[in-house]
Each structure stands twice: as structure tokens, then as C-alpha cells.
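Submitted below is the structure of interest, expressed as C-alpha cells.
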Amino acid sequence: MSRQLGRVVSQILNRYFGEIVEKVGNDLFMYGCKPMGMIIKSTGLPRTQVIESLRTLLKFDLATFEAKDVIVDYKLQPENILLLIRYPRYLLQMKTKYGSEAEMLVEELLQQASCTATVLIVSVMNKYKDDKEKNLNIVKLKDTFISLATAGYIQQAPVAEINNEIPVLVPVATIVPDLDVRELINAMNSNLNNVSDNIYWKVNYDRFHLDFRDEVMIKAVTRRIDDNAGELLKLMLEQMYLSSSSWASDSSPVPLTDLKDGCQRIGENMKNHVEQYLRVIEESTGFIRRTGDAGGGQYSVRIQHALIQLVEAVCDHTVTERLGGKAARIFRLIRSKKYLEEDDIQKNAMLPNKECKELTYKLLEEHFISVQPMRKTASAGGMAKAIYLYHVKLHDVAHVVRDMCYRSLHNVMSVSRHRRVLNARLLEKKRRVRTIVHGMRLRGEPQQNIDDVLDTLTPPEVTSAAEAERRLSTLAASELHLDRALFILTSYFTYQR
Amino acid sequence: MAAAVPELTSAELVAAINKLLQQGVFDLYNQGGSLLYRLKNQNSKQAIKGADNEEKVVYNLIEEAGNKGIWIRDIRIRSNLANTQLTKVLKSLEGKKVIKAVKCVNASKKKVYMLFNLEPDRSVSGGAWYQDQDFESEFVDILNRQCLRFLQQRADKIKNNPRGPIVGRTQSYATAAEVQKYITDLGISKVKLEVEDVITILNTLVYDGKAESNVYPDGNRVYRAIESLLPPPGLVQVPCGVCPLIHKCNSTGLITPQDCKYMDEWLEQ
Amino acid sequence: MAGRGRGRGSGISLTHEQIQALGIARGDNTPAILTPPPLFPKLDVKPLPLNCDAATDYMVIVKDQFIEYLHESPAYVKANTRNDGIERYSDKYKLLALDAKKGNILDCVWTNIPPELRPNAGRSRVTVKKRKLDDPKEIAKRLQTLEKKEIQDTSTEDMETNEDAVKKETEENDEELEDEHEQEEEIDDGTDYANNYFDNGEDYEEEDDNLDDGPVY
């Protein structure tokens, strides 16, 4: 695990759970795995605070534990900590795909980390029951819950096997529940503690990630060819879910005839040209491949290959922006020719000798390319000069770029933290005024009084608070964009193991 | 002279003669008021005739090498002449404008000799991209942009083409010959660009990730302008992605995110 | 000897004439002001514009809300307020806010986490108090069974662990009387408790401590 990962994880813990959890997280990150006593000793934190921090980490799946005899070892899960940045994207996905009920349910579940269906539905209901705009009803919520469980966006949480004093969490298969609306209504009106529901649920990140992966692939094909091609790929991915494991590197082949049925709905142009589209997608992106001739042709989706292409695109953009288009040309040239000598780089890239050498060196310096000396065989005796072959190790480059993303994420977050501290007083004042005004509006107090409260913020304060907030949201937006890049890189790495 | 080629008008004849003179194929003599033309090659052969054996040997070696030229070391080895003597011979031949020395683009210090009237081979001169052995990168850049523009004009043909994506793609494709014609018509090139030259430029577009290429069944290479699979990632939308100091930046020290000028400038926008 | 002579010769600095002969004018060797290169050299490239669409705006808002929620929840672990000796107007509000959150413990599925983190583990006093108030009988019963278990578990080990269990009981019963000082001791205990398994040789002293503690009980 890289040092940069440790730094960014530390920033995230600080931002979301405060300094103390950050300290405990750092300690765990550094030592990998350790019992509570050791954490207390190395962090110097009071025992109660370490306990509270560990509870937080365990609750949100940011750490796991394992019993060794009577000692419990805690282990940080940095990958899950990074996912905290992605929560808004999960909610956006829910909102666009399933509507606002789904969004509310998933939001509540992310906040609770895990809870029972009854508690989840009832708390969402209670939270928004006064909100006329939302117009919630419990039946609709229940149905949404069921469809989310069916589609796999939420799943049953692992349960504790209690053979032992120290529990062992075992994953369980999700059974879509049969929720009784009357019981839900009863629960709403009585104390939630009396509810017998003891099946806990949590958000299934992986299901969301499949959506994101598909979305990236479909968009890429759309950019390269056209909307129809994107639709066709979407259809093929849907088919893939029926017949292959969802993270398979290649889907099992689908016969053309099956695809044709689905193509009917995409449109006239698609219907008549399915085979042509398949060929163009295959030739232009390599995301799919014709694997056989049975059934009018068999086609499979090449997920792993697609992710390689996508990561290459990420790397290309990075090289282009960091070192310029000419460097990117050299980078791609070397990658497409596998191994290349310096002279050939210059000849093919059509760059002046000096510039070409300089850029090659810069690429080498930033570890985008690597060089392999090859000793010429004894043809000209011992005097033979070694030749240097340049090449691109995509896996290594992806590591370099991922580390840069971690660094950038860390930096963006730490600037954001710094700016928040600088403007703490102002932002806090503005927040307080806003809360008061909100309360006053709800109580229907006269505008005059509201204006008086608003006037406690002087015009310069209003301007500088707005400026500060604008900068903070720029930083927040870049965190989200960085996470998108990280998503592609991480997905690529899942196939590299 | 006019009598020797009766099928040409005198105006045509004059134009042709002038051109040939310019290229140095003939020499012109004024003999007793009438003009005489003589092919230069024969002339140089004659120049050799009067020369000594060493010059003849060297001349023959250089002539043999054709427009690829011959390296001085190879002449020495094959002629068995001593270094100083060879230099003298070469000097003398150069002085008579029988041979010339041409700098080789592949190796800047290497000189090759060839007959005076020969146009150096591409491998020696570097072809259209070299002006006096200097690589003309600006010229290449202009051509690169123009080729891309040409491809982009037809790139959208593939999108939702009613005749299907294969026909659409074919309409988006351009052969190197088509691009060559377009470039020639633009008149931006002083030198004549061969199809091969245009292919070299089109390939740079492929390496730029701005075009893809395919081969038609008849062996013709075709090119199509394409978009990158992804829009620029978040990494290059933040200062750190383009920051030259990213690897020096740390939590403490002189270069930290909090004190970063680039970050400040970016946030002030 | 000759070598040394030559060496000395070359060590002598040049005369003015010699320097002038070399083309260095007077004052040339004190150049104006040498500034270090700027820490942040001017950038030739700027990052690409951040694409801000409705989706991003939505996500930024959602993100802030989520973080705000966490900050209000017990998942956000706060340090014990330490007074730095300066009285501030805002302290009152801070304390009020803190009081509101005190006693709020993170809502976990307790069966899914290790016993040492559970509120009734006897290590986290605040929460034990709360639970005890809720239902003292049940807690007591639970503690007894736990205690028995612990004694059984550790009976094969040395006496010290037994002592520890006894001591725990002590704490439970007397917790109302305990003060800040004793809490600190408890923390130390905790550290050593874990260390026992690493046998760092502090066992004997530890035992003594516990014996001294005895009479309090």
C-alpha cells in the first residue's frame, strides 16, 4: 500500500470523523493490524476515545477485526475509506435510476451504515413526513426497498457467528423480504425498540460499481461511434448479467439472434444494422469480440480489455496535460509499437531530434515509460554497443497515475481543510444566521424581523463568505472528479491480480 | 537544335532548354556566334578522362553509390588510398563540380559523396521534412493540423448514418491519396509531398490519439478522426495533475498544499 | 620537494594584472544580487476547466449534508474539552452543544463487534452508567455471567488475570466514587492488560499494584 494512499485516507478520516478517528486510522494504517491496547499505547489517546473511534470504524466498515485467541486485532480497510468520497455518486445514481424514494432510503442506509428494513423505512418516513413536497407514502417506500433489494443495491449485512465470546462476521445470502405494511405503520406509531425485525441491511457498493463501470464503457463507445453503438453495448451488458458473473473479464458469448430481439427497441437504424454495428464496435474499440459463428455469430463483451483501453485513455490525458501533446505522441507511439529504439521514436513521431530526446527523457523521469537495455549479441564482438528499447508498462503507469490521484485528492482536501479553518468564524456565523432565519420562516415571523437577523451579516461578510464557499465547493467538486478517475483505475486493477 | 527536335515549337524548346540549364543538366557554349549545348554528364566524364588514375577510381566508386552516396571511410577502404591523398582527390573533384558532399540527416557528422548532378535519396536528405538537413518541425505541425482538419470534416458521417455504420465509417475514412490531394490543393507546401509523406503525417495523428487507421482490402491505408474514449479525467482538472512540483510537495516543508501558489491562483479564478 | 614547490606556486592567487589580462574587470566578480529560483515557477499549462454540471452541484450538496450529519453524530469522536485558561463567550455554546451530545453513544449492532468495544465491557464508564440506570438488574446479571466466563477462560493462566477480573468488579461497584485520578489509572491498566499477553515483564509490579488496591475494596 502506498504512502500516498495513507495520506489521503488520513485526510478523509479527519474530514468525516474528526482528528481522533484520524489518529487511530493512521496508527492502524502504519502497522497494518494491531490490538486495542497497542493502539492506545502508540497513539497516546485515552482508552474511551480509542474505543469510540474503533466503533466508528467498524460500524462504517472502515476497519475489520479478527480474534487471535483472546486478543482482537483491528485492521484498516483503506479501500472502503476511499468510498466515502463516492457516497454522493451512489445517491445520484439512485436518484436518476430509481427516483427520490430510493435516494432517501439509500441516504438513510449510508448514514446508519446498517439497519433493519423496518427501522430504515420508518426513519425515512419520520424524517420527511412533514415535507409536503416529497409526498411520501409507506407503501411506495416499501416497494422501493424491495426493488432495491431485488436489484442488489442493498444487501443483508453479515451476521455474527456466536460460538465464541468474540464474534466472527459471516456473509449471508440476501433473501428479499416480505414486508408487511401494517406492521410498518404500527412500528411508526410505537417505539422502534419493540420491533422484532432483526435482519440488518447495508448498501452493496459493488452493485453500484457495476453500474458505473457500464456507464463509462457505454459513454466511451458513444463518443467513439454513435448513440446507437452505445445502446447496443448497453444491451449486451444487460445480457451479460443474465449469463456471466458480473465482474468476469469476458462475458460468455451471446448469439446474434438474441441481440437482434433486443435491438428492436433501440430503433429502426439499429434493427437493420446490428451486425454492422457489432463489427464497428469491435474494430474501433475492441470492447466486444466475435467469438464464434453459431447462431448467426457469437459475441462477447471484453470487460478487462475495455478497462485497459480506458486506463490508457486516462494515462494519455495525464501525459498530454503534464508534458504536452508531443510527449503524449511519443508515449502512444511507444505503446503501440511495444518496444522502440530512440532513433525510431524520432522518425515515427516526426519531432526534431533534440525535442524528441528531451521529451523521452521527461517521460522516463516521470515513469510513464521505461527503458530496457539490450546487449547486442556477439555479432560485432565485445565492442558492440547496447541498444536501449523504450516501452510502456501499463500496469506501472497506472500505479503512477493512481498515486498522483491520491496525492491530488490529499492536497485538495488539505487545502479545503486549511481554508475552512481560515474562514471558520465567518462560515459559522453565516450558518447560524441561516438556521435562525430558517426557523423564523417556519414559524412565519414577520419579514422585518427576518431582515434584522439577516443584517447581522455585513455586506463585506456576505461577499467574503460567498467567496469562501465558492472555493470550498470547487474543491469539493474536484474531489468528486478525482474519484471518477480513481474508479477507472481501481476497476482496472481488480483484473490485474 | 531546333532542327533536331522538330515536334516542339521554338517557344517550348526555349522553355525546356532553360529548365534543363537551370537544373544543370547541360552546359551552354557559345561557339562562333551559335549556341551549343552539351550534356553535363559527358562533360564530367571528359573531365575525368584528363584526370589521373586516383581520381578515376574515386569517381567510379562515387558513381556506383548512386544517389545514396558513399561515406569517405568506405571510399578510403575500397580505393586503398591514403587519407591525405584521398582528401586531395575529393577536393579536386569537388572543385571541378563533378561530385558533391551531402550531409546525412541520420548522423549529423556524417558526410557522403555523390555525383554533382544527383538529387540525394530520402534516406540521406530526410525527404520533404528537411531543409538543408534541418528538421522542419513547424512545417510538420502545420501539416498535422491540416490533415486532422480534413479528417474531421467527414468524421461525423459515421454517426447514425441511415445506410448503416459501415457505410458511414467508409464515408468518414480518407485515403492517404485524398489527403495528399487536399494538402496539395491548399498550396501550403513548397515541396511536392508524396503519398508516403502524407502517410507519415497521418500516422502522427494516430499517435496523437486523434485518428484511427484501417487497411482496405486493396491494401490502401485509410484514416478516420476519432474522439478519445474518455473526457479529460479529474486529475488534469486540478492543479496537481499538471504541477511540475507534485513529487516534491509534502505535508511539511517549503512546498505544501496549503502554501501552494498554483492552488491559490486556481481558486481565485 | 620539487613537487611541493609547484604546488605552492599554483596555490598563489592571481594578481590584478593577471585578472585583468583574463578579461575580468574590477567588480565583475561581485554580481548584483543572486536570487534563488522561485519556489513555484510560472506554469506553462493550466489545469483544464473543472466541469460543473447540475449533477456535480447536486453531489457537492449531498456530500456536505452527509459530512454535516456525521459531525453531529457520535461517530465523530471529539476530544475531551480542555480548558486553555482563556474564557470565551463561545465556550458556553460549545459546552451546551457538547452536553447535548454527551451520553449519546454510537448506535452499533453490538453483537457484531468485539466485546471490548461494547458499552458494557466495563471499560467505558460513561456508557456503563447509562445502561445501569436503564436496567441495573439485567446489567448485573450480564456482568456476572461475563465475569464467570472470563474467570473460566483465564483460570489456566496466571493469577494476575484473575486479579484483573476481580478488580473489574471492584470498579463496577465503586464507580460512582471514582474520580478523575482513578480513571487515568484505569486507562493505564488497559494498556497493561493487553501487554500482559506480550509478557513484557511488568507482571510482578502490576500484581503489587493490585494488591495495594485491595484494601480500597
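Going in written order, the chains are labelled A, B and C, and every chain counts its residues from 1.
As a convention for this text, contacts are C-beta pairs under 8 Å (C-beta built on N, C-alpha and C of every residue); 3 or more make two chains touch, one makes a residue touch a chain.
In UniProt terms, the chains line up like this: A = DNA-directed RNA polymerase III subunit RPC3; B = DNA-directed RNA polymerase III subunit RPC6; C = DNA-directed RNA polymerase III subunit.
Treat the numbers as computed from the prediction; the structure is a model and nothing was measured.
Student: Quick check: more C-beta contact pairs in B-C or A-C?
Tutor: If we tally the contacting C-beta pairs, A-C comes out ahead.
Student: Could you tell me which chain lies farthest from subunit C when each chain's centre is the average position of its Cα atoms?
Tutor: B
Student: Provide the C-alpha centroid distance between subunit A and subunit B, rounded to the nearest whole angstrom.
Tutor: A distance of 49 Å separates the two centres.
Student: Go ahead and note the Å separation of the Cα centroids belonging to subunit B and subunit C.
Tutor: The computed centroid separation for subunit B versus subunit C comes out at 67 Å.
Student: Averaged over CA atoms, how far is the centre of subunit A from the centre of subunit C? Could you give it in whole Å?
Tutor: Computed from C-alpha means, the inter-chain centre distance equals 28 Å.
Student: If I count partner chains per residue in subunit B, which residues reach a count of at least 2?
Tutor: In subunit B, 231-232, 236-238, 241-242, 260 touch at least two other chains.
Student: By residue number and range, which residues of subunit A touch two or more other chains?
Tutor: Those would be 321-322, 474, 478, 480-481.
Student: Scan subunit C for residues touching two or more other chains and write them down.
Tutor: Expected reply: 45, 47-48, 50-51.
Student: Quick one: which bits of subunit B touch subunit A in the complex? Just the residue numbers, please.
Tutor: 106, 129, 135, 137, 140, 144, 158-162, 164-166, 169, 200-201, 203-204, 206-209, 212, 214, 226-238, 240-242, 246, 249, 251, 257-258, 260, 263, 267
Student: Can you list the subunit A residues touching subunit C in their complex?
Tutor: 15-21, 35-38, 40-41, 46-49, 51-56, 58-60, 65, 67, 69-72, 87-89, 91-92, 95, 107, 110-112, 114, 157-160, 162, 165-167, 169, 200, 321-322, 324, 473-474, 476-481
Student: Which residues, counting only subunit C, touch subunit A once they are in their complex?
Tutor: It is residues 45, 47-48, 50-52, 55-60, 62-64, 66-67, 69-71, 73-80, 105-109, 111-117, 121, 123-126, 149, 153-154, 186-187, 190-195, 197 of subunit C that touch subunit A.
Student: Name, in rising order, each residue of subunit B that touches subunit C in their complex.
Tutor: 231-232, 236-239, 241-245, 254-255, 260-262, 266
Student: In their complex, what parts of subunit C are in touch with subunit B?
Tutor: 39-41, 43, 45-51
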